[in-house]
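Pasting a structure below so you can have a look.
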Amino acid sequence: MPFNEEFVLRNRPRMEKIIDQSFQNLVLLMASMVAIILLGILTVIFLGSTESIARYGFKFLVQSEWNPVNDQYGAFTAIYGTLLTSLASLTLAIPLGVGTAIFITENFIHHKLRNIIGVMVELLAAIPSVVLGLWAVYIMEPFLRPSFLLIHKYLGWIPLFGSEPLGPGVAPAIIVLSIMILPIITSISRDSLNQVPKKLREASYGIGSTRWITIFRVILPAAISSITGGILLALGRAMGETMAVTMIIGNSNTFNFSIFSPGYTISAMLANQFGEADGNQVSSLMYAALVLMILTLTVNIFAQWMVKKLSLKY
Amino acid sequence: MTNNKLSFNYSSKRNITEFIFTFLSAFASIIVLMPLIFIIIYVIIKGGSELNLSLLTQLPEPPGDDLNNAGGVGNAIIGTFIVTLLAALISIPIGVGGGIYLAEYSLKGPFSKFIRFGANVLSGVPSIIAGVFIYGIIVSTRIILGSNFSAIAGGLALSILMIPTIIKTTDEGLKLVSNDLRKASIGIGASKFITIIRITLPAAFNSISTGIVLAIARASGETAPLIFTALFSFYWPSGNDMLLQPLATLSVLIYNFAMEPYEAQNQLAWGASFLLVTLILFINLLARWLSNKTMEK
Amino acid sequence: MKKQTLNTGLISNEIISLENVSISYSNVEAVRNIFCKIPRSKVTSFIGPSGCGKSTVLRAINRMNDLIETSSIKGRVIFEGIDIYDKKIDPVEIRRRIGMVFQQPNPFPKSIYENIAFGARINGYTGNMNDLVEYSLRKAAVWEECKDKLNESGYSLSGGQQQRLCIARTIAIKPEVILMDEPCSALDPISTLKIEETIHELKKSFTIIIVTHNMQQALRVSDYTAFYNAEPTSKDGGGKVGYLVEFNETEKVFNQPTQKATEDYISGKFG
């Protein structure tokens, strides 16, 4: 009978209790880091920008002159560029992403093939944005330029296409951005479509609906709120996306309506100027960063609220 | 005759509409796949052709020094490993610890709701902002032993991007562990600490490590947080204060050299892209394998 | 309360005593005003219809209810003269003295050997681990099935074997009291018999409380029986709250129940 031996830890030694308690405090501290970092980011950016806020106030948001030489700063071009590129890329990516998601959740093709497409979409998300930028500058933009020229030739009377496409500019940036957000939209739409209960589909087929009536009238409406959440997440990502855009958008603070001319986004401006800036320029860049932060936070909180449960892959 | 009425009519308006939509969705899928295919092809063609021993072992040449030869990316390869490793060392304990707190100590309270929400919000913060933040508190203040641009600053910036992902996967991985296991352990007198370390954490190991590996894959390709934290360097990382010095990474090298007007440097950027994409796809496959192993269980 | 026979004089040497215990989940009372003394080195069974709170009371005895965030308890649970819900008390120590076997077998995802060694180790066992593993497995009547595959995963056993492994795991920490919540509900009749033999054997050194739906089993293994029932909280139906109807020597409960509800339940009129 082995119980003649003792259980020496029957009375828990103080050490054990201390470890137990310290561990709990430790992980509590680590969880709090999330809040600390978030607060830290907001504080650093806000404090960094107070000078510029005091100096330029709201004029900063509507003026497009950005001139370190005579200390004049207005971020309109970058803010406009951020909103234009992200919304335009979203417009391109939504039909493509949702269309693909439908294609790989319905049984049009063999399920193995569908899986392969799904995996490829996820791999696209894994390509670093700087590599995408490199590709966009040297391969995609030269490839697309003839089509841009054609658009300019025939539709040049519209201010949006008013300038001649000569290289980096807003239009190729929009296309690169849509490539970058396609995986998010596709994967989240796919997950949401997969979560629509089977019996809804059966009910619809059961009363003689065709496949696409079922998709448009039954399946998409059932999944719409989480798809919308995914789209908002993609919008947030597009607004903050930096490298590929910086490389392809042409980095110019001169405002121009034409999407074939160079432009700017807030994040591109930060990437480009922050390292070498000083004085008022730093403060103005911080102000721009604050604007970007507020934009993405708003969109993200809204997206969080819509996606709610759909777990995070991104 | 009734038979005829029920047979498939290809020219009916309904079936044509159906076909058009099917065609459109297939077309969308093809368009979505095109960029991936073309990026991979060009990275292989333009980058793979750069692949040779000197690419892996030599230092990069400053632009304009030698118009025919830009050297290699040896220091950037090491730098990418260093800075990703630093980021992992910082973010794994914080992320896993935070996830443990959420899943094991405070499943429902308002605090954990707030932290979960915060983690989601943090994961949506643009990566360039993480760079600005670290620049603001570490680089410009020279708070770490007087150094400004440094490997540590870069690692910290990357870790901000990794923490939310790791917290969330840990939280979710632990939530999947059956409560029966916790009860079993608590029921024989194990403390909470022992229960977590010896029972629940090992049970969630696969899903947590999948999340960590994905976070690492993402961080190793990030550029924006590094351009004004780790900066860049044309030298090998060396010396005792190696981590306090600026550090070259593959991604920043690609960015810097892609924008140079010199052909040789551009070529080097392609070579570095090939290495970086290979590395990241490899890490992703590892993650996929890990998560498949989880499914099998 | 008026329905309960307190039998205060019945138990003179109690190890645990429930004093006016009421337990709620999210402020809804699940059991109310339980008074009960658990005799030392005896087997006590809890019987009663489903949902009347047997598991709830059982879990209160080693503070497993702490794991359920919504649960709260009123009244006192006295173990060896100490109120285990006192603020100073460390629930982990309570559980080292009062071990628990659950309704669903829940082995750790470790080897069979480790399943048993784990608990012994965290309790600071200083003796020969191999001996302890063999002893516990024998006691739980599962040694024969396990002895050749001690290094295989606990999951490689059948459901009934897993349950006996879990019993062995609890035996191995040599608690003073073992709580068993329907330990045989997942077992075949032969394993059930083996477990019952084990219980007979164990009561020489342990106090055992067992929840069971099987009245024959209660009759076979237990010295004392507590019969719980649930009554509607209000006249118009709605929620139900559990209470202790009758507590006595098993033989008395089954042969001369003092309460009508007990008699009905035992004769199979409801439940």
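Quick notes on this one:
As written, the chain order gives the labels A, B and C, with residue 1 at the start of each chain.
Convention: a residue touches a chain if its C-beta (ideal position, glycine included) is under 8 Å from a C-beta of that chain, and two chains touch if they have at least 3 such contacts.
All values derive from a computational prediction rather than experimental measurement.
In terms of which chains touch, the assembly is arranged so that all chains touch all other chains. Counting C-beta pairs in contact, the chain pair with the highest total is A-B. Central chain (C-alpha centroid nearest the global protein C-alpha centroid): B.
A straight line joining the Cα centres of chain A and chain C is 54 Å long.
Chain centres here are Cα means. That of chain B falls 49 Å from that of chain C.
The distance from the centre of chain A to the centre of chain B, with each centre set as the mean of the Cα atoms, comes to 15 Å. For chain C, residues that reach two or more other chains under the stated contact definition are 92-93, 96-97, 122-123, 173. Residues of chain B found to touch two or more other chains are 191-192. Residue positions of chain A with contacts to 2 or more other chains are 12, 17, 20.
Residues of chain B that touch chain A in their complex: 14, 17-18, 21-22, 24-29, 31-33, 35-36, 38-39, 42-43, 46, 93-95, 97-98, 100-102, 104-105, 112, 114-115, 117-133, 135-137, 160, 163-165, 167-168, 172, 191-193, 196, 217-218, 221-224, 227-228, 231, 251, 254-255, 258-259, 266, 269-270, 273, 276-277, 280-281, 284, 288. Chain A makes touch with chain C in their complex at residues 1-12, 17, 20.
For chain C in complex with chain B, the touching residues are 62, 64, 67, 69, 92-93, 95-97, 99-102, 104, 106-109, 118-119, 122-123, 166, 169-170, 173, 175. Contact residues on chain A toward chain B in their complex (touch as defined above): 12, 16-17, 19-20, 23-24, 26-35, 37-38, 40-41, 44-45, 48, 95-100, 102-104, 106, 108, 117, 119-124, 126-135, 137-140, 179, 182, 186, 210-212, 215, 233, 236-237, 239-243, 246-247, 267, 270-271, 274-275, 285-286, 289, 292-293, 296-297, 299-301, 303-304, 311-312, 314. Contact residues of chain B toward chain C in the complex are 107-108, 178-192, 194, 198-199, 202-203.
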